[in-house]
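Chain naming follows the written order as A, B and C, and within any one chain the residues start at number 1.
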Amino acid sequence: MRSSPALRKALRYLVLTVLAFIVLFPVYVTVVGSLLLPEQLTSRPPTLFPNDPQWGSYSEAWTDGHFGTYLWNSAVVTAMITLGQLVTSILAGYAFAMLEFPFKRTIFVVFLATMMVPFEVTIITNLQTVTDLHWYDTYAGLAVPFLATGFGAFLLRQAFLQIPADLRDAATIDGYGHLKFLVRVAVPLARPSIAALAVFSFLGAWNQYLWPLLVTEDDRLRTVQIGLRQLRSTQLDEINVTLAGTVLAALPLVVLLILFQKQLIRGLTTGAVKG
Amino acid sequence: MGRVAFDHVTKRFGEVTAVDDLTLDVADQEFLVLVGPSGCGKTTALRMLAGLDDPTSGDIVIGDRVVTEVAAIDRDIAMVFQSYALYPHMTVRRNIEFPLRSRKVPAAERERLVQEAAATLDLEALLDRKPAQLSGGQRQRVALARAIVRRPAVFLMDEPLSNLDAKLRVQTRAELVELQRRLATTVVYVTHDQVEAMTMADRIAVMDRGVLQQVGPPQEVYATPANLFVARFIGNPPMNTVTGKVVVSEGTVGVQLPGGRIELPDDVAAAVKAHDEGEVVVGVRPEHARLDPEGPLEATVAVVEVLGHEQHVICRLKDAPPAADAEGATDDVAGAVATESLFIVRQPNDDVAPGIGVGVRITVDTRRVHVFDAGTAGQRLEAA
Amino acid sequence: MARSHTRAAQRRREALLGYLLVAPALLVFAVFTFYPFAKNFRLAVYRDKLFGAGSEYVGTEQVTDVLGSGDFRQSLWVTVLFALMSVPAGIFLGLALAVAAHQRLKGIGIYRTIFASTVASSVAVASVIFGTLFNPVIGWLPWLGFNPQPPLLQNPDWALPAVALVTIWQSIGLSFIVMSAGLQAIPDEVMEAAQLDGARPWRRFWRVTVPLLSPTIFFAVVVGGIFAFQAFAQVEMLTDGGPIKRTNVLTYYIYTTMREAQDEGKAAVLSIALFFVTLALTLFQMRILEKRVHYAQ
């Protein structure tokens, strides 16, 4: 029994659409919920479409719910961590790939070893350290422990190793030292890997939960993930505001996903395939 | 100003000696080709000249100063790499400009020099492209433009033509020589291709296993190879080299080869005489042998290669040792086919080609015969 | 000699630059990874006295106490259960979506973006979304008829599966991305050959796709396992480890031990345990990877 090509095609779209619907349903319900009045939220059957969207929940989340502040804090900390990881990884990756120095291999193994230690294992003493440094409730306390990553150094070392030795030789003849070569040639050539690392770092930093929870208690320093936690416990009659806050918290990453899908996929799959 | 010299230069990488006591002078505005099989040390020699590798001992002279201690940028050289080493993220213009930027050449001057170099190599229309948008030949020209843009006294070239297709290579060979004459600079050119060496060089320097074998004008190296290695490496099809036994009788000196005996002319005979009853290697260029029913060497035709303008009749000398026995010899001269059991005769295409498997006789032009010591060095034997 | 002098100087300069370039990262690692890691072993052999009266050296006594305690065993068991519930399901769903999206169709890019979209959701965001879906008053799940008593997140039997469900949904995007990349690495010819051999889709999936993807799947299992052992936000936001510690996963246990009980020694022992579990998973992965290299040869 052979079905016609058109029918098969329609069937494929149907399957994909059903799957997409299942994946997105929780998101859809959340967006709808954020646009309803609290009393509409409790109505049964649940409302599937906001006929009269109430955008007020967003402004309420932004001001009363401090989401403006939370988002700003998350942006600052994420920017610090992403930039910091890029810089330290580029520098170390270059050293491992292009320079010769005693104990290079040992130091490289040390970098790799950091990937074996989950951050959760180090929180006890790190909290103490950050407190001792008077970094409790500061951006420094939130960001500095994450300014380096073994994974990033490894990723960029691999990228720099791909640069043909002839390019380095040609630059040497023209008098470009290592630092100039790094800026003018190596970094531009490693751009795909650097972009992948940037997106990867951004994602990790934006989504952090445990550490910001530990080192901040001042609302003015809390990040958006912890902000969600604050809202979670609010009353049912404000749940639309909670949902609005949730949408706000996810929005930057949704934009990131749409704009940088390629880099994101590269960053997330390094090591998974091909290994 | 553009003189270059290696003065007893040796380079070791750990246990391996890549270049062994190299002494070589290159005159100003000379086109010198360093040629040899891969691993012979030619590229290492060039890299030492460029300042990319340091000699273990000995000195390097460029112009009138010793530059062994001088950084690459201050050596007044430019290098063209086999891979061209173009920066893929920069336009052609930026690539050509790159050597000028590090030397703090003012922008206006830079622009003028880039234009000039681009005009010389016919690249004006391509200045805003990236290397990936260029053909192989265009990339090669960009690499040349980048080298000439700052008018160095010496050009170093590392197999710059080996990534071009055969037709373009022939054309570019001529263009390179012409460019060198026009710019009046010294060129040190490294290649494994003896045809490039023969066609482009003012002088050839043949290297093998880190040791300089012979230096001289192409014709001289071709006509009087200093040893067996050079004899087998230079020339295509390669020189026939056959081991035989020296026989001295009644004032004549001959060599008993598989397939027959040949007599040597007086000048060579004098040098060979001392080897009476010993082994020597006789070398005969394929164009100095011909099929001749009266010839002294007996052989069987193995293959006939018809090239259009000429034919190569590849024969097996009677009683020649099987190919396997000569294996060692071919290894030594990688590239140059020197299977002792085969003997190539080159003849005009109009001549009638014999059938395969037919018995033939070969005569050789004994005045053009080369005789080499059968020892490992394979030194040329000639009258002192 | 002058020459060896310059060359040595050059080498020294290069080495110095090398150290300078690795120094910033190394400093961060020293202070925030290796020092606190090592410090755990010291904290583990000191026991906090009651009421903040300092601590005393107790040797390995505290280690054996903590690791032998029912609380630790339950926490480890809960974490393993959580991993078993969340990891395979997340990977399977990601794989299913990847296979569904692995075809040439107009507009497939939109579907791919949708399938990958849950990576844009943090665990905290997913927790709020599902916390609302589970809510007995306004949630969809109870309205659809699934309404256990006590409510889902307070129900000893259902709290852990509920937390796992949040995690599964949140991990689908990543799982989809990784599996898609794995699928794309399989040469088309292999799939076409299987098709020509007349293998039906279902059979093709199990006999060709899954075996060829096994390295990717394996990678995902191990990384997913490591993530599962670090799960924290979903528990902290949804269940606070309860009810009756049924969702008291290892990381949450460490957190409450240091935060609420203020017992650093005990928390350190738990941290060390977490490290070794992660290490075991990593080493396991490396062992298998080594084998895989053998297959390839």
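Please note the rule applied: a contact is a pair of C-beta atoms (placed from the backbone, for glycine too) under 8 Å apart; a residue touches a chain by one contact, two chains touch by 3 or more.
Predicted model, so just to flag it, every value in this text is computed and none were measured.
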Chains most often in contact, by C-beta pairs: A-C
Chain whose Cα centroid lies at the greatest distance from that of subunit A: B
Whole-Å gap separating subunit B and subunit C, where each centre is the average of the chain's CA atoms: 61
Between subunit B and subunit A, distance of the C-alpha-averaged centres to the nearest whole Å: 58
Inter-chain centre distance, subunit A versus subunit C - centres from mean C-alpha coordinates, in Å: 15
Residue numbers on subunit A that touch subunit B, as the complex places them: 164, 166-167, 169-176, 180, 185, 188-189, 191
Residue numbers on subunit B that touch subunit A, as the complex places them: 47, 50-52, 71-74, 77-79, 81-85, 87-89, 98-99, 102-103
Contacting residues of subunit C [partner subunit A, same complex]: 11, 14-19, 21-22, 24-29, 31-37, 39-40, 43, 97, 100-101, 103, 105, 108, 111, 113-125, 127-133, 135, 137-138, 140, 143, 169, 172, 174, 177-178, 180-182, 184-185, 215-216, 219-220, 223, 226, 229-230, 232-233, 236-237, 251, 254-255, 258-259, 264, 267-268, 271-272, 274-275, 278-279, 282, 289, 292
In the complex with subunit C, residue positions of subunit A that touch it: 9, 12-13, 15-16, 19-20, 23-24, 26-27, 29-30, 33, 41-42, 44-46, 87-89, 91-92, 94-96, 99-102, 104, 107, 110-111, 114, 116-118, 120-127, 129, 144-150, 153, 178-179, 203, 206-207, 209-210, 213-214, 225-226, 228-229, 231-232, 236, 239, 242-243, 245-246, 249-250, 253-254, 256-258, 261, 264-265, 268-269, 271-275
